[in-house]
């Protein structure tokens, strides 16, 4: 029996560092997510006082405690947080630390500690998955040899062990700029402990990266611990992800073709992802867990959430429901 | 009248957003958005720009450094980069001017920063001279003295690069009341520490910017001309974790000059600028102009309109 | 702008929906923006109802009391006058017999259209404007093709209105647009020939011409004596030749992307990939000592203040027009 739950990602509401700081803006966004039919929200890690929803310290500073934030979510008619996305390369003003790297053995204890902190808060918020960026972008590191893959695998095994203590699954989120984008992802996944480390399937990132999400479900369906549904509007078929600073030059700016937008909410005009087919494949693979819908960025965040909600309510949700009925 | 004959020239402080295909972007988003920004600034008659220290990474990454970026600014008909704002991450653990044990960290920060800027000539490096108010309170004479000592030393470093260290008193910073500002300047060395008058910030803090300027005119090395419609009340200046965006009373503190219901008396301010014989740059700022439906382009046009049609009639 | 050409700026780009650009402070901000960009005259565009209070003559007067009251309103923002006003008698308006639908192509409608023009003539004369700029005919998709006789019928009504504008000391300029039933260069020339050169001129819109498939520079050079008004804007696209005939072309082509996902047709001067030879066109105006208004606009399609500022930059830095 399938137990798929739908959540929506908050990231699209914060296009710039000084946006989406005030409580009433959070309230409006969370109520929008709720009324669009989602039961949870996925948070994105952030740091500093203009990231009130970015980490447990800021939640406590703003809501009195992590539990206080859960009360706030409930007051917006959301059940809780589904998941939290964290890239260890993001600095922490709260901990006075700079970028941490899973490739550096010396950083591993700090990464484990930080993940444990996030997992502790997640458990309190009703969440079950910590998503991480498993390695830096392809253009920003040396090619990953076997030894590097081994170090990374050991790091995430250790992290997975720590988060599991709080009932939180670790999911490796491979984005289209990742050094794992091509054949590395299977190699890393195969080196990690299936009991501790799963894969986050992000339909938009895979499609932009030229990888068919259906193929990933076919080969690694049993390792999928988290799913993100976003649409892709273009494919990086010129391998621009290999460039240094591709996060800025390719992802944000659109690369040589100046792609105005790589991502959008599922079902957007011109979207390349076949969401019904992927939903069907996930159901067939027996996936149980969160599907977090997102648009990444959007010129109209509320409209994106409502359009995605329509798709889930009218088409994708009923597919899940039918399967559940058939199974009973 | 050419710019060189004018006593006052107008610079535009870096805050900017425009609508991109995925939501708002700043001018550093791409070379195209930068060019559109510079064209708009120039079209309305600004002479130059100010910027932030943290932009230096994009100057190096996208333009090859501050000198090459300044060339791009000049290619759009603007004179140069006049001032930079050093937006520091104040933290009681390692970066707090009222805590002497953190001073060496701050001094090192400025040695590195000034080196990065050394390929162009700036007028001022602007700082908020204190931590957030709630991290400094109670504001004691000793804390003001330690803070002054810190900036005296920093000012000596920046003076070595021909750049003035100048202080900008945010309403939510530790040094924002009239008495504390006066005490602070009494302890700082006029050779090394200047005052940068932000008309809106002082007004929000309940300090008359014109009177403050008149009292310290000999120490003033520049201005942010912007307006506000609200004076801070209650704990607005010490709201945790943030006052600037998160104060419960006020969703938007700053407005462009020329806004209806503005609290700053710009005509009195400009008269004081004239009467004190100030010559040089006035920076126009619209911090967070796009909040609550505002628009940077329009705020820029309206403020430059006000400078031309009202303020330049008083003094130019 | 300090120039031998007279530059004005169109306010239509601010009035993008029926419920915006209604409050006087919003209008003041737009006028100050135009002024800060170096323009001291504006072109108005007609509309209907109490929310079109800077568009519909009767409503403007209700808001400002008198012609001079309205001019005072403009002058508060250092805008010194109205160059011109655009009017489309085919667009239904509450003030015109309660949204009556009439067209210049129907001779039975002519008396009414002449009557409808009178508030505009009176208003423009009252505020010291120079040109009534009009949409000469409705959209091509709404009407069967016009023959020579049809074009003559249209010319007749504009000749009658031209007499009114002339008597009031105004010019009347027929504004070609890319959707109009007068579509080809030949049809446009026939319309000009059907009108009296003494009272009726052409408003040449560089972007509309380009989208419609007429080269604005070449057409201007051939018909400079008839061009009395200019709209200067750019476009990145031209009609494939048939798109203007799409049913509901105002929406399906200009707002609906014409089936090829065109998000926006009209652009500011200097836009990347712009099809209009703006320097060539302005040079031709100068060679012919064009004495009318050159109205810069970007139509609907972006942030109005940003577009005004980019247009101003282009005038100052690409066309070498000093601001003041």
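For reference, chains read A, B and C in written order, and residue numbers begin at 1 within each chain.
The rule is short, and it goes like this: a residue touches a chain if its C-beta (ideal position, glycine included) is under 8 Å from a C-beta of that chain, and two chains touch if they have at least 3 such contacts.
What you are looking at is a predicted structure, and each value in this text was computed from that prediction instead of being measured.
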item: Distance in touch steps, counted as few as possible, from chain A out to chain C; value: 2
item: Of all other chains, the one whose Cα centre sits farthest from chain B; value: C
item: Per-chain Cα centre nearest the global Cα centre, belonging to chain; value: B
item: Cα-centroid distance, chain A relative to chain C, in whole angstrom; value: 50
item: Separation of mean Cα positions, chain C and chain B [Å, integer]; value: 43
item: Interchain centroid distance [CA atoms averaged], chain A/chain B, Å; value: 37
item: Residues of chain B whose C-beta touches two or more other chains; value: 19
item: Sites on chain B touched by chain A in the complex; value: 17, 19-26, 29-30, 61, 89, 91, 93-94, 240-242, 245-246, 251, 288
item: Chain B contact footprint on chain C (complex, rising order); value: 25, 29-30, 32-33, 35-38, 77-78, 272, 303-306, 308-310, 312-314, 316-317, 323
item: Complex contacts: residues of chain B adjacent to chain C; value: 18-19, 32, 36, 39-40, 42-45, 76-77, 258, 260, 295, 297-298, 300-302, 304-306, 308-309
item: Contacting residues of chain A [partner chain B, same complex]; value: 12, 15-16, 18-19, 21-24, 48-50, 52, 58, 61-62, 93, 96, 245, 248, 252-253, 258, 260-261, 263, 296-299, 301
